[in-house]
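You will see two complexes here that share chain A, one where it goes with chain B and one where it goes with chain C.
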Partner chain A sequence: MPPAATTDSHLLKKDHLKGFLRKLSKEYRLVAPVRNRHSDVLFTVIDDLDGMEIELTEPPQNSLKQFFLPQQEQLSTYSVTPEGYEFHPTQAIIPPTVYFGVHPCDLSSVLYMDVVFSRRQRDPFYLRRRQGSVLIGINCNFPSPNCFCNATGSGPFIEMGSDLQLTDLGDRFLVETGRAPGHALIKRWQGFFSPAEAKDRAARYQAFLEARGRFSRQVHVEQAIRRLEAGTVPEQVWEDLSLRCQDCGGCAYVCPTCTCFTISDQQRDAVSGQRLRNWDACTFAGFTAMAGGHNPVVAKTAAIRQRFEHKLRDDVRLTGRPSCVGCGRCVGICFGGTDIIRFVERACQGSL
Partner chain B sequence: MTNSINEIENAEVILVSGSNTTEAHPQVARRMLDAVDRGARLIVIDPRRTRLAECSHLHLALNPGTDIPLLNAMMRVLLDEGLADELFIEMRTENFLALTGVPLPLINQAAQLYGRARKAVICYCLGVTQHVCGTENVQTMANLAMLAGHIEKKDTGVDPLRGQNNVQGACDMGALPNMLPSYQAVHNEDFREKFERAWGARLPEDPGLTLVEMTHGGAQGVIRGMYIMGENPMLSDPTLTKVEETLRGLDFLAVSDIFLTETAQLAQVVFPAACFAEKSGSFTNTERRVQMVRQAVAPPGKCRADSEIIIALANRLGYAMDYDSSAEIMEEIALLAPIYGGIYHDRLDQGWGLQWPCWDRDHPGTPFLHKYYFTRGKGYFMPTSHIEPGEMPDHDYPLLLMTGRIYHQYHTGTMTRKSERLSRESGQALLQINPADARALGLRRGETVRLVSRRGEITLAAEITEQVALGMVYATFHFSDAPINLITNNAFDTGSGCPEYKVCAVRVEKIMTN
Partner chain C sequence: MPQTITDIYLPRQAKVVQIEIENSQISTFVLAFSAPLFNENFRYQPGQFMLVSMPHCGEAPISISSTPTRPGTIHLSVRRAGKLTNAMHGLRVGDTLGLRGPYGRPFPMKELQGRDLLFVAGGIGLAPLRAVINACLDQERFGALTVLYGSRTPSDIAFQDDLALWQQQGVDCRLTVDAAEAGWAGAVGLVTCLMDGLTPDLSRSTALVCGPPLMFKAVLGKLAAMGFSDEQVLTTMERHMKCGVGICRHCHMDGKLACVDGPVFSLAELRRLKIMELAEAPASAARTSTTDHLR
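Right, the complex of A and B next:
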C-alpha cells in the first residue's frame, strides 16, 4: 500500500551507502549478505567493508536464524561435586549488531522467533542475542524463482518490523524509519540523509506494484490454510509426501522459522562436561521416538505432517498468520520433492 | 557411470537394480524422483521392498542371486516383441546370441517399458556386484542396454553408483591390482615403461592381489607388512575371524585414518590423517567428475594430509619423492593418465569441475560415454547364464541373509557413529525379519536374537518388517558391536575379487532367558 504521508522517510544516495555502513561498523558488529568467491550469497559478519561484496538483490542462502539461535550453542558447563551436579551458565558477550540488507521474509521470521522465544517463557539465550540488534531491511524489487512471500503475507515489501527499511529506487534508497532505534540512527548520522519527497514515495509505490507482478509462482497458501483448518486435506497427501521425504532435515535447517532444538549433555571427563543446544527437526524419527522404541509419529505415513500442520494451521491459530514466510529455501534444498510448495499444491488439488 | 547424474532427470524409463538409492545415494534418488514427477516410469529390481521400490511403478522382487535369469528373460521379451535395436547391434556390437529366460508378466511389463522408451537409464549398485557372479551380472546388464540400444545417446546409459566421494578417483589412479593410473594395464610393457621413466624406478610386471586376497592371507600369508589407508577391513571384509588372524600375523602393520578404527587398533604405527575439510586436492565422483576440494580448516594436532604422509614415508624409505603441492601432483597425473590429460587445478578452480575423459587443455570433458565407439571398439555380448550363490539356505541354516546399509550410518561407522544425532536416529544393529518368520520364532519387536551361520554368530535386535520377504533377513555392517561380517560367506566373484555380501545361509535363534 502507498506509505501514509506522515511516514518518516528519507533518501540515501547509493554512493553514500558504504560511508554510512562504515560509520555503523564503528559502533556495531555488521552482518550483511555477502557474495563469496564461490558466488554463494550468505549473511556474513563484515570485518572488511572494502574487501567484501554486499549483495542486496539475490536472497542469501542462510537466514538470520543462526545468529539468534546458533546451530550449536553451549548453554552451560557442569562439574560433578560430592554434593551433586553444579551448573555454570555460559557467559556470552554478544556485541550490538546491525543486520543490514534483510529481506522482508527474513524480517518476518525474526518477528516470529521473537514470539516463540518470549511469549510464554523467555529464553535468555535467544534474547541476549536479539537484544541490542538493529534490523535494516531491504524491500524485494526482484523476487527469486522460488519466492512466494506474496502468498504468505510477508513480502515483497514490508511495512513494519525493521528499524530502518530501504527501497532501491535506482540511484538512491528510500529509507523509512520503523522503530525508535531507526530514528536514532538517522539522527545520529543525519548528514547522509535528505528528506524524501512525494515523488520518491510514489516511486516506492511503483516499485512495489512492479515487484508484485514479478513472482513466477502462484502458491495458494491461504487455500491450504483453510483446508487444514477444515480438516479436508486428504490422508493420501500426507502419505504420498511422507513416503517421498528422504529424512535429511534440510528443510528445517534452512527454514528461517523452524526453531526446534534438542538439549544434550556432553561429558568431557568423569567430573565435568557441557550442556549443548543443537538444532533439531520434527521430521526426524528420533525427535518423537520414546524410550523403548515406540514412536507416536509413523514416519512412513506422517513424517512431514507435523511440519506443515504447525506452520500452516497451529501457528495461524496462535498468531493469526502462517509461520511460513515464503522464502522458498526449502524448495531449493528438498531431496524428495516434499517441500511446502508441493504440499500446498497437493492439498489444494481437486478444489474445483 | 556412462551418464552424468543430471541426465537421470531426463530419462523416460529408469531401471534401478540392487540399489537402495534413497538411503545410499540420496542425491541420485532425488533425480530419479524428479524424473518420476515429470512422468518417467521407474522400475526397481530388489529383493527388498525399499523406499524406492514403494515409489516405483514396477517392483521386481527377485530372489537374491537370480539377476542373470531375470535380465535374460527381459532380453527374451525384447527379442520376441521386436524391441531390439537391430541397427545398433549390427553396427556397434558383436557376439550377439539369443539368450533364453523365464517369461513372467512382470518381467514382460518391465521389458516393454524399458525397451519401448526413447531414453532409458539403468542404475545399479552393490546388490548387483556383491555376488559370486557380480561380473556376469554387470555383463548381463550391459547386454540388456546394448540390446535395446540404450547406450549411445544422451540420457541413456548404464550407471553403477559409486559409494564414496572418491572411490572412482581411487580406481582411476590405479588403486586396482591390475591397473596403473588411467586403466593402463600393469602387464603392458609400454605402459609400465612410461611410468618407470617418469618415476625413475622399476615396476612389478605382475598384477597385485585383490583386497580380500590380502586380508584373507592367514597368519602365514605371503604378505608380511601392510600399510592401510582410510579402510577398516576389521569390520568391512567378510569372515572377520580370518581378517583378524591375517592382520595379527603380519610382521608389521601401519594404518592411517582420522579415527582409531578397529583396524588401527591392531597396528604398530598409526598415522593421524587429515579429513576432507583439512586438505586441498581433488575428488572424482561417480559421474567421473573431478572436483576441487579446498582446505577449510587446519588439521588438528599432528594430523597430515594423506599425500604428505605418503611423501614423508617414501623419503624415509629411500625414494626421493618431491611434490610441493597437490597442484603439482595433478600436473603429473595429466602427464601420465590420458583420461585426465587436460585436467589441471586452474581449470578445476572454475565452475563444477571436469568429467573424464578429458584429453587435453582444450577438451571440455565428457558428460556421457560411448557416443561413437566403445573403449574396446565394438560392444561385446557376453553370454551369461545363472550361477548359484556360494551358499543357499538349507535345513540347518534356513534363512537367507543379505547385508547392506542404512540411511543414517556410513560404512563401518568410523565417522557417523561419532555423531550423537545420527546415533539417535539409528544407533544399533537391527536384523530385518519378515513378520511370519518372526511369529514362527516367537519374536517380539526389538527383541535381541542370536544370528548364526557356519562362520560365526552375533546378537542383535529384531526389526519385524515386510520390507523383507518370507525366508529372508537383512542386516547392516555399520556396527562394530554386532559385526555382521563374522557371519557372511567366504565366497567371491572370481572376476573382481568382490565378496558375496548379498547372500549367505543363516539361522535366527531366540535367546532364552532364565
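Right, the complex of A and C next:
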C-alpha cells in the first residue's frame, strides 16, 4: 500500500485505549508488551485483553524479531518414496496482526529486516508474516538506562515506518498517522478519537525534548563507525573482546536485528523428515566451518570482528545507517563484557 | 491480499543420469531435473553453484562443472568431504536428489573473449574451471588455452577423459603430482613447477586459479612474479553456506558474501578483503575458548 499523503493527529483518551484495542482484536491478532506475573515485560499475543497488563513505558525484553523470524520454523518437509526424494512446501497461515506498543528501536529493526529479507531475494517466510502486519508505535518518553537509540538514529521518537504512532501525554495519547493502514484504522473506529489541537502537538514536542535529555549514556556510535571504516580500531580491542566473549550467542538472540540463521534437516523416520531454519550467531566458532573441518575464519578475533563490522560498517555502507538500533538488550545480557556499548567505548578510546 | 512469493528455499527433484568415477574420492554426477520442461529451460553460467540436498543431510553448495553450451544435463563433480558428499557417493544411476540454484556471480565470460586463458588447478579445483574450459572450446571465441593441473599421486588425477579430449582439441595440458608412482614419467612437485616454462603474452592473458589454500597462495606468488596483475587473476572461493542467496551470512568475507558477491572474484577484489586465504601470517589453528561449538 502506498504511504499516506499526509500525517494527521488525533487524541485517544487513556480510558478509551482498551476499547480501541478490543475492536482491533476482533479483526486482528493483537501483539503487545505485557507484564506477566513474574514482572517480565514481553511482547505477547493478547488473548485476554482484560486479564493482561499492557506495559508501554518499560521496554519489552524480547523484540518483534521472533514474530517475523521465529527462533525455529519449518521450511519444508521431505519424503523418500518410490517416485524418489521429494520436497513438500510449508505454507503456514499467518493471521493479520497488529503489533501495538512498538518502541522506536524495535520499529527501526523491522524496517531493517524488511531490507534483509527482500533486497536480494524475497524471503517468502518472512514476507508472509510481514505482509499482513500493522505497526502501532509508542514514542519513548523515558529511555531506559541501557538505551542509546539517540546515537543510532532510531529514537527516542519514531521518524518513519509506523502505521500509527502514539505519544503519552499524561491522560491521553497523541495519535499520529503514518502509513495508509493507520489512516484506515482511525477512519474505521473514529468514535474513539477526537481532533488534536496545537497545544497537543506542542506537548508532544515538549515530551520529545525531555526524552532526548533523559539518556543516561553517551555512546559514540558515529565515531566507532568512522574508525571501523578507516580501519583504525586497534587490534588489541579485538583480542580483548574475543578473549572475554564466552560464545554463548545471547547477544545475537536478543538482538532485534541479528537475522543470521542456519538450515538443517530433522529426520522423522528412515524415509521422511523436515527442513528447519533456526537462529544462528556469527560469534559461534562453527558458524563458518566447512565440511571436513576446514574453517576460513579461525583467527580468534575474526568472529567477534564480524559481529561489529557487520552492524557498524557493512550495513552502514549498504543502507546508510548502522543496523544496531540502540535498544541496549545485548548490554543487559552479556556477562563477558563484550556487548556493543563496550565495543564502541573501546573502539573510541584515545580519540576523544 | 493473497500474494504468492516463490519459495526460494524449496529444492527441485533431479535424477542421476550417469556417474563418472574420476578417482577414489571424486565422482562427476550427470543430473537432469525430473520435470522435463523445467530441465529444458534451466540456464546457468560457468562459475555458478547449486545447493544440493540429500535425505537427512541438509544442503551443501557444489559448483557446476558442466558448460551451459551443452544443455540438457548439469554436472556436479563432488569430492568426499562430509556427510552429504559421502551420501552422494552412494547414489546410483536413476536415484534422485534435491537441487536449487543456480547461484552466485559467474566467471566474466564476455570479458574473457579473445584472451589467452591460463587455468591453474589442484585436485577438485578443476571442477569449476572445467565449466569454463568446455565453454571456451564450444564457443571458439577465445585465444590459447593452457591447463596446469596438480594432483597428489598419478592415481589421484581426476578428469582424465576431459584432459585427454582437451589435449586433442589443442589445449596445452600439463600435469604434475606431489608424489610419483611406478610408471609416472611426468612432472613431480607443486603445480607452480609447471609455470616455469610458460611465456604468456601478458597483454592478452588472464589466469583462472582454483585449488586448496596452500596451492592458491603459491600460485599467486608465481603469477605475480610472471607479471600478472591482480586484475588478471580470477578465482572462485569456497565457503560454508546455508541459504545461497545472501541472507543467512554464513559465507561472510569481510563485508562481502561469497554466495552473491562471489564465488568468483578477481584477485584485485580479494586483496581489499581481510580473508584467511590472503593472510600474511598463518592463522592460529583454532579458537582457544573452552565453549567452542563443535559442528
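Note that the second predicted complex is superposed on the first by the 342 of 352 C-alpha atoms of A that agree within 3 Å, B and C clash if a C-alpha of one lies under 4 Å from a C-alpha of the other, contacts with A are read in each partner's own complex, and residues count from 1 in each chain.
Here is the rule we go by: contacts are C-beta pairs under 8 Å (C-beta built on N, C-alpha and C of every residue); 3 or more make two chains touch, one makes a residue touch a chain.
Here the structure is a predicted model, which is why all the values come from computation and not from measurement.
When the two structures are aligned on the shared chain, A:C248 is found in touch with chain B and with chain C.
Legend: residue contacts after superposition of the two complexes on their common chain; A:N278 is shown touching chain B, with no touch to chain C.
With both structures placed on the common chain, the touch criterion links A:G286 to chain B and to chain C.
In the superposition on chain A, A:D314 makes contact with chain C only, not with chain B. Of the two partner chains placed around the shared chain by superposition, chain C is the only one that A:P296 touches, whereas chain B remains out of contact. A count of residues in chain A touched by chain B and by chain C gives the higher number to C.
Once chain A of one complex is fitted onto chain A of the other, the partner contacts of A:V80 are limited to chain C, with no touch recorded for chain B. Of the two partner chains placed by the overlay, chain B and chain C both lie in contact with A:S264.
Overlap of the chain B and chain C interfaces on chain A comprises residues 246-248, 264, 280, 284-286, 289, 292.
Against chain A, the residues of chain C that register as touching in their complex are 1, 3, 5-13, 15, 34, 53-60, 81-85, 95-98, 238-240, 242-243, 245-255, 260, 275-277, 279, 283-289, 291-295. Interface residues of chain A facing chain C in the complex, by the touch rule stated above, are 75-76, 78, 80, 84-87, 89, 116-117, 119-125, 127-128, 131-132, 242, 245-248, 259-265, 267, 271, 273, 275, 277, 280, 282, 284-292, 296-300, 302-303, 306, 309-310, 313-314, 317. Residue ranges on chain A touching chain B, taken from their complex, read 243-244, 246-248, 264, 266, 278, 280, 284-286, 289, 292-293, 335-337. Considering their complex, residues 22, 26-27, 29-30, 33-34, 37, 51, 54-55, 407, 420-421, 424-425, 445-446 of chain B touch chain A.
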